[in-house]
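Each of the next two complexes has chain A plus one more chain, namely chain B in the first and chain C in the second.
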Partner chain A sequence: MNTFFYQLKRSPLAILGILIIFIWILIAIFGPSLMYYTHTHIDSEHQMVKPGVNRHLLGTDALGRDLLSRIVYGSRSILTVALLTSIVSTFLGIIFGFTAGYFGGRLDSLFLQTMNILMAIPPLVLSMVVLGILGDSTIFSLTLIVSITFIPATARVSRGVLLTEKNQEYVSAAHIRGESHLYVMFIEILPNTIGPIIVEATARFAYSIMMVASLGFLGVGLQPPTPDWGMMVIENKEIMTQAPWAILFPALAIASLVIAISIFSDFVSKVLIHE
Partner chain B sequence: MSRIVIFIFSKLGSLLATLVIMSFIIFMLVELMPGDVAQMILGQSATEEAVSALREARGLNEPILKRYALWIKGVVFGDLGESIYMQGVAINSILWRRVGHSLILALTAFLMFVPLSLFFGVLAGVKEHKLSDSIISFFGLATMALPEFVSGVFLISIFALKLKWFPIVSVIPIGESLLSNLNIVLLPAFSITFVMFGYVSRMQRSSMIQVMHSDYIRAATLKGMPRSYVIFRHALKNALLPSITIIGMNMGWLFGGLVVVETLFGFPGMGTLLMSAIKTRDVPLIEACVLLITVIFSLSTVATDLLYSALNPKIRLTGGQR
Partner chain C sequence: MSKNILQIEHLNIDFETMDGKFAAVNDVSFNLGYDQSIGIIGESGCGKSTLALALMGYVATNGTIAGKILFKGEDLLTKSDKELVKYRGNRIAMVFQNPESALNPALTIGAQLDEVGLYHQKLAKTEARKASIEALKMLNIGDPHGIVKRYPHQISGGIQQRVSIAMAILCRPDLMILDEPTTALDVTTEAVILDSLNNLREKLKMSLIYISHDMGVINKVSEQIVVMYNGEMVEKGPKHQIFDHPHHPYTRALINCMPRGGVVKEKTALNTIPGYVKRRGVAETGCPFVERCTKWNKTCEGLYGIREVGKDHIAACDRAYASDVPVKDLPLKTPKPKDATESTTDLLKIEELYKIYGKRRKIYAVNGINVSIKSKSVLGIVGESGCGKSTTAHMVSGLYEPTAGKIWFKGTNIAKAWNKRSLEILKEIQLIFQNPGRSLNPSHTVEQIIGRPMQILANVKTRPQRRQAIIKILKRVDLGAEYLSKKPRNLSGGEQQRVAIARALSINPNLVVCDEPTSALDVSVQASVLNLLNTLQSESEASYLFISHDLHVINYISDYIMVMYGGKICEYGKRDEVMEAPYHPYTEALLSAMPEVDPKKAPQAIALKEQLPDPSKKQQGCPFAGRCHKQVGEICAQEYPPLVRHSASHYQYCHIKY
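Our next item is the complex of A and B:
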């Protein structure tokens, strides 16, 4: 932890990234209650108005909905889903990767075969097809499906680090003591492999944001009236020539959040791997 | 040689298994979920009898396993079946044109991002920790993080709205081919280039740095060779290798990116076809698109492995798995 702060002091870019993430989290938590308009309010007198008109700080879209409030509400859903996804996919990855790597043999080859099948389709295409067929995505289905498409990546990392630890002496010592498999896996090995797993989890967070935004953009993400950043981009594409701000602001919101998280995950991997 | 043949056959075998399992899962999913194509065609107000009559006419009332078996049999003989939503149009007659469009788009993107990212990656690696390195690295990190449609939106607002160099949407005029309208490809391809640039240039940078710090480069430099000779003749050969894998591994993202970019620009490719097939629950069309994406994607992965092992004799194709 000390090295973490030491490295942080020397990296202004990482501080900026963490600051932006922090601001978005604050916005997601407190923002909606501070808004003048709600995200569903339709101001039919002021459709596609420029930023600043009639208290619409970022302007309105084709229906006259306030863009600022839709972006602020939208930050809630995207952060929630992305955070859940990175946690769930890392968690499932640890369970599958550890079980396969620890027991080896047939279980391991079955695992590798299944992962090959999952990896044969690009993750975005896979989740798009499944979510599209399931229809009416909820936070639950979105998290579940995106997590499943991420399992090959997370499980392979977990399996890989487990294999490097498996033959260490402390593991055989634990076996000789008569500890159970579960104990050896999660109490003995897991703490020693947590570094790479955390690196993978933070990288997953950035991927999740990209993925959730892209799925929203493709129209298979969270359904209206929940405002979704990706969906706002495609909705407002038609009015792009009249009201470019309606598409630019949601795009900027995605860009700022995702770049900040990537900077952060890049920093985390540098710190943990140099340790 | 025989090792390579065995490798290719084992890969093709697992591809075949994948295709069978995947297509079956998609068939089942569509079957189990509410809403069906007959209802979609007739609209919500259609009577129960009309819907079931249409289902009967399109053969949707047969048991699912029988339909699946029939479909598989057709695919084996190269017949991808008929689109249910589009009044029984043969999928073969619409799909391949779209696939061609997507491949042209992917190829254009490929031709743009590979030289660009390799060049800037090598440059950043050679100038490690200098200003040009910091700029390239940050730009790579930023573009890598942006989803294709976000960078696409920025590109549209600059090049299509402000400068008016390219059209906002990629529509091919009726009766003309894509090849005579290549300007509509450039902006979508550039959006894909953005994301890929980040991945490849960063990988290229780190492998370049690693090679530049190795003993044999130091020896060459100490021998008094000109720096450009050391970089181009000695370092590049080894430093370019990892990038090949990275480019191959990211083909998956490229395909996902295609769907997104095609939707943003309304580009008439495979991605938009798949999107509309999903929205109309047109099973044969969904299956055809997914099948094709999987095949192209898997073949490109196999090709990457082969190329990598051909370039690097140290890597063996078999026996690598623990």
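Our next item is the complex of A and C:
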């Protein structure tokens, strides 16, 4: 933890990244209750107005819905899905990767083959197909599907770090005092591999925001009336020339969050290298 | 031109780190004359390597350097990187500790050596190769034409190090810096390299800076000695004066803490230096050795400072023999009620034990050994790396399953791996690893580490009960209750090894297997760990199987000694029987190669030939035949030598007729 703050002091970019993430989290928690308009309110007199007109701080879309309030509401769902996804995919990845790497042999080659097959299908295509078949997406189904498509990556990372630790002498010491496999895997090895796994998890956090936004853009994300950033971009495609702000602001929201998390992820890995 | 090739004046190197600024090298000044050899000695963390790298113009990015380094009168610190190229490699050459990482694994030895000629001296290709071969010949490498075609991984560590020395002398440098070049090597190889270094120096008229933590090695190659402690030069003088009459208490302690020939556990405990090297902030002044000094008194602070104490001999303190401080007597070991070697019952019996690694490409690691460990005694196994001693220890402790053979322990055959052994057996045999930093889980606390074996093997179920027992065992290894919540990385190497020992002993095992427990530690710490192991062993009913490559250590701690070579036993017997003639030729070679601390009795090392047995082939004949200096004839290489019994407990495998 000391290293964290020490490195943070000499890295202004990381401070910026963490600040942006922090602001987005605050917006997601408190933002909706501070909004003048709700995200479903249709101001039929002010459609496609410029930012600042009639208390529409970021303007309105083709139906006259307040963009600011839609972006603020949208941050809730996207942050929830992204956070859950990175937690679930990391958790499952640890279990699969550790089991395969620890026992090795046939189990390991079976694991590697399965992961290769899964990786051969682009995650976006896979989730699009599955979500398309399932119909209306919910936070639950979205989280589950995106998590599954991320498992090959998280499981491989977990397996990799386990393999470097597996031959350490403290593991041998645990073996020759008769520890169970579960104890060795999760009490002895896991705490020493947590660094790279956390880095991967933060990277997955950024990826899943992109993924959820892309799925929304392609129309298989969260369904209306839940505002979804990706969906907002596609909805306002037709009015791009008259009201460019209707696309610009949701796109900026996505970009700022993804970039901030990526910066954070890089920073975490830098801190861990120094430790 | 001055008479000194190198003058270091008030050199300071500070490093900016997370915990503040600390001084790695603090106001060091000394001169090195032409054709002189100087040895720098000190424990790890004393700034030896930082100093050496600074001489080559390397300082890490968070470091600042001040002072003067005059090489032939020119200050290297004022030169730009471009100008330094003229010196690095050309005039000043450096040899590092680990040749494996200093050589490029993707290029042949020849290509790497030729580079020096091609780029530094602008020679033609054929000339460069000629020079390379000549350099290899100078280092007595047999078959240099064959070596240049090979890659680094195809040659042994000893040859690798000689190749990197050959690379260093290719430009005929005026100054060569060697940073612990033989620490990672076997004693017999070390002896050969030290010899050829001395020859080279005579031939090429170079000056030498030799860095080591081993007084014995420094003794062989240097005329002048600089003793460093915590970034400061605490003493400097001619070798004989330093060894005969050290002035600084640290120098004296360093010389005294090595287990030397003849020191055995029944007679005396080893001298130790309490504590360990702590980083010093830049602002701290005064004697850095205060906390660990046994000769400290109130007048110290005022008297501290470099001064002349003899001819060419300077020291920061002259209290090495001060008698105004009460000398604490070392707790002499209480003699055992009865001689351990009298015991006749075998605790563990190994019969025809084999270990062959790999399926397609086989490595014959252990080739049929028979030995037994008497109860309440210490069996020391000694041999060079690759002789199968660690493999044997790991098979006994259950890390590996033997390929063939039996290990009898309390009437049952335990020649199986850990996953097939009963908890009862796992409890009775404990292993202490070589490197405590790696054998303790870095994310567990000391309490977890020591408590866990108690919990699952000794049935101490409740936490308070365990805690009490842990505090008790910590006290036995000279650590306090405040260590309970510490993690290994906050402990020094010596403390880590104490925790590892506490873990092994917490459940009262019958047999403790020690796999080179002191070879990763500083000499001062090694002494205290050996003292501790020795006391613990004599207090308990346990037997120890002690593995080491260091014959002095083995001699100190063992009741019985077994000498191994090429996966076979060379010699076995009671300690005194093995350490005295008649020797097995290999034991004799090992003994002659041990670096001695006394400059007056430096035995001539027996130079062994470089024909190591190929572990991937099944042996015929004596494994040592290829290197033996006392070969009887053809028979050595063709027939496995017979057992020669010298007494009821002492035997060798050798063709020599005694």
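In the analysis below, the second predicted complex is superposed on the first by the 275 of 275 C-alpha atoms of A that agree within 3 Å, B and C clash if a C-alpha of one lies under 4 Å from a C-alpha of the other, contacts with A are read in each partner's own complex, and residues count from 1 in each chain.
Criterion: a residue touches a chain if its C-beta (ideal position, glycine included) is under 8 Å from a C-beta of that chain, and two chains touch if they have at least 3 such contacts.
Only a predicted model underlies this, so the values are computations on that prediction, with no experimental measurement involved.
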{"item": "Clash-or-fit label for the pair chain B, chain C on chain A", "value": "fit"}
{"item": "Chain B versus chain C as contact partner of A:G178, first or second or both or neither", "value": "second"}
{"item": "Touched partner set for A:I263, first chain B, second chain C, both or neither", "value": "first"}
{"item": "Which of chain B and chain C A:L112 touches, first, second, both or neither", "value": "first"}
{"item": "First (chain B), second (chain C), both or neither touched by A:P191", "value": "second"}
{"item": "First, second, both or neither for A:A82, with chain B first and chain C second", "value": "neither"}
{"item": "Chain touching more of chain A, residue-wise (chain B, chain C)", "value": "B"}
{"item": "Chain B versus chain C - smallest C-alpha distance in the overlay, whole Å", "value": "5"}
{"item": "Residues of chain A at both interfaces, chain B in one complex, chain C in the other", "value": "none"}
{"item": "Contact footprint of chain B on chain A as seen in their complex", "value": "13, 112-113, 116-117, 119-125, 128-130, 132-135, 163, 206, 210, 213-214, 217-220, 230, 233-234, 237, 240-241, 244, 247-248, 251, 254-255, 258-259, 261-263, 266"}
{"item": "Contacting residues of chain C [partner chain A, same complex]", "value": "18, 397-399, 418-419, 421, 423, 426-427, 431, 433, 435, 438-444, 452-453, 456-457, 503"}
{"item": "Residue ranges of chain B in contact with chain A within the complex", "value": "14-15, 17-18, 21-22, 26, 29-30, 33-35, 138, 141-142, 144-150, 153-154, 156-157, 161, 168, 252-253, 255-257, 259-260, 263-264, 274-275, 278-279, 281, 286, 290, 293-294, 297-298, 321-322"}
{"item": "Partner chain C, residues of chain A touching it in the complex", "value": "2-3, 6, 168-170, 172-179, 188, 191-192"}
